[in-house]
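Look for chain A in each of the two complexes below; its partner is chain B in the first and chain C in the second.
Entry: the complex of A and B
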């Protein structure tokens, strides 16, 4: 898994490529933690390059969502591929994580 | 249709039970899919999901590693939430995994043998964790992703058999 963080006007994007599983999940937790601690709790996780996710990856997303919200921000996900969406639906997390077509549109309107 | 030769794509892998092994297994599975074009993307994803969950469980709970205090607390919480608990082994042990996967025209099957302490799983208590939970989805996902899952434990270790029927094309 590779992870890249970029800053935009009023939100940050964490792009994940490859598989989001137990070996990579701590990187996502740390990246969210770093953003929140530096006062940037509005976060979009760009999943366009994410090939696969399992329960460890889901746990990292939920952990990030909580951390961002506690700090007055939010964590949203964008460009969710079918194979990731299928797993989100199995766990009902598609109802909890806010899904958006693109990272740029994730914080439109708010 | 019946004249088609049977496709028998198999994969075998063995090694120490750690997260690197999980990654190796998922890499090998991706390579296997290249030779198994009859397996649909959703079948690939669901089978890989079940495999990843079981192997990760063995790597994180089966070795009895204490890890950092925070890690072990999280591991115990994960196990409890999953309805699974590694046998109480006071000492870390070197756990090996032997994996065999077969993809034929009808089903995807995996047999996983580990040398971990016998895992105690109460399938009847396995439920999908709430949407707020950060862990506890592993075994519920395994069941959701497969048609059959069987776990047997002896003092020598655990054997896991996973099977997902392949949806007919079209």
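Entry: the complex of A and C
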């Protein structure tokens, strides 16, 4: 798994390529932690390059959501591929997280 | 199908048929209504036992040895050793053995006691060491389940071997079990037996459970309901994590709906009483946002969006009001501080105090106060589960025994489990009666808690067989009440000549004996030379423990009373001696039985009692006395023989 962080106007994007599983989870957690600590708790996770996600990966997203919200921000997910969507549906996590078409539109209007 | 297996099925079927024949006759034709106060309880107790027989027969219907896995072992593994206060030496012995497991893996000590000397020992031995992160400060810790959940987020193996601190694993434990997971991608757990090395042949405390870690688990496995027993089991990380995510979604959905409902009614009341038009319009806007969020969620919109919108609106409203309304804040703060919503750590669910909620709803809050109250509500129930150290909790925290609840949740999600019948870890059993009684009480309480909170009979996602297999175990813990009746009935007859059945007639024996004999035969064939007698003795002799477990579990679940929960001692013996307070009921029962026996024989001698009746009841009482004698044996037990040097060292340390 590879992970790249980039800053935008009023939010930051973490792009994940490859497989987001238990071994990649700490990387995501650290990336979220770094952003929150540097005062940028508005975060979009760009999943367009994510080939596979399992429940540990979802767990890392939820931990990130918690971290961001506790600091007054939010964590949103964007560009969700089909495999990831299937896993979100399986666990009902799509009832909690909303799926944004692109990272740029994730914080639109809010 | 082997001849033995066919025989078991035939006997199981006959047991239930003969049993039904007997109990139906008892109800319809032989209850001695004049003595209803003992006759009716007795026939109820017999009905309870028949249902128990049915569950046992059903379990045995599918009790077979599972074929070894076809696939070779594969996948990455973390070996997790959970400890809280066990001696460092014991933990390290287990850890070193775990490190020597032949299949490639990583070994971790999960130290809930956060002991620096254990950390040092782990580092020297080259095994991983984990304690709770600071996220857990001032949060519900959820005991062993919390310890394992914490470790799940610090490790990344595809499979987890869970060991208690005293369970020394065999080097081949992973080679023998991992193949099952490769064979079946929907398999979530493989349980192996718990076996104790510090127990001698006599086993006066009945620590070995050969019937459970054998035919019963095999039978449950046949119904795809092999239980998770907390240690000596391999679990699939994906299954546990999925359980955690699904639980998170469920918890967040219900708590958010409730919070928004209360929030809306609070603000609606403020709107009505608002005099100032600017204030009113601010509140109306807020109410509309909350109301929209509620409809959105009801329509299936993602909860994160809805709550984010409400939170933003609340913040804006509170900023707008703060300037106008300063004087009233002080009084409000007091009311708001008593937010009627709490997390119940034990049941891991939101508890809303309806009385206090009403008080909040009728309290004279200023508009700002109302908005603050909404903020409080959202905080109490927010999506990030701020009240918990971890938003996602894979292992169930519903009960003091997390293992059964976790397995049941996994089964409900469609995962499968397996029981591998081979001793692959050797542990230490309690060595004194007091510790053993504490442990049995805890198991019983945990099982009954799960039954009352999350009844398998109505739990969605379970198959009929799984429902019955879980319920069967819970049912067996209700036996304490029937045991009292089984003790009282012969005493009533021998002392007062009160007959609970209409007659000890041919009718009675013709129906009772086939049931009894077939039942014993079934047991004999299943046990196949195993030492099951201790288990039989304790299931009756521990009746005060079972009754206490029922009462405390009901008090906990229905009335929110806390269970006195104790970690079982694993290091040797409790030094407080014989637990008289725990065993006086059994000792009293034995005296009463013996006295009743004498009176019965005297009555027979002077000709005021019937011969057959006295014979039946004498046999009955002698059986009870033999069963109860185990308590005296256990109370006198001082652990297995050890060489004197060890004992001296142990005593020196204590």
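List of remarks:
Simple rule for what comes next: the second predicted complex is superposed on the first by the 110 of 110 C-alpha atoms of A that agree within 3 Å, B and C clash if a C-alpha of one lies under 4 Å from a C-alpha of the other, contacts with A are read in each partner's own complex, and residues count from 1 in each chain.
The criterion applied here is as follows: a contact is a pair of C-beta atoms (placed from the backbone, for glycine too) under 8 Å apart; a residue touches a chain by one contact, two chains touch by 3 or more.
From a predicted model like this one, the values you see are computed outputs, not experimental measurements.
When the shared chain is aligned, chain C comes close enough to touch A:98, but chain B does not.
Once chain A of one complex is fitted onto chain A of the other, the partner contacts of A:54 extend to both chain B and chain C.
A count of residues in chain A touched by chain B and by chain C gives the higher number to C. With both structures placed on the common chain, the touch criterion links A:19 to chain B but leaves chain C unconnected.
Legend: residue contacts after superposition of the two complexes on their common chain; A:89 is shown touching neither chain B nor chain C.
In the superposed model, A:69 lies in contact with chain C only, and not with chain B. The contact surfaces that chain B and chain C form on chain A in the two complexes overlap at residues 21-23, 54-56, 58-59, 62-63, 66, 90-93, 95-96.
Put simply, chain A touches chain C in their complex at residues 21-23, 25-26, 54-56, 58-59, 62-63, 65-67, 69-70, 74, 76, 90-99, 110. Chain A meets chain B in the complex at residues 19, 21-23, 52, 54-56, 58-59, 62-63, 66, 82-83, 86-87, 90-93, 95-96.
The touching residues of chain C, counted against chain A in their complex, run 153, 155-158, 237-238, 241-242, 244-246, 248-250, 252-253, 300-305, 308-309, 312, 382-386, 390-392. On the chain B side of its complex with chain A, the touching residues are 19-20, 22-23, 26, 41-42, 44-46, 48-49, 52-53, 56, 59-60, 128-129, 131-135, 137-138, 140-141, 144-145.
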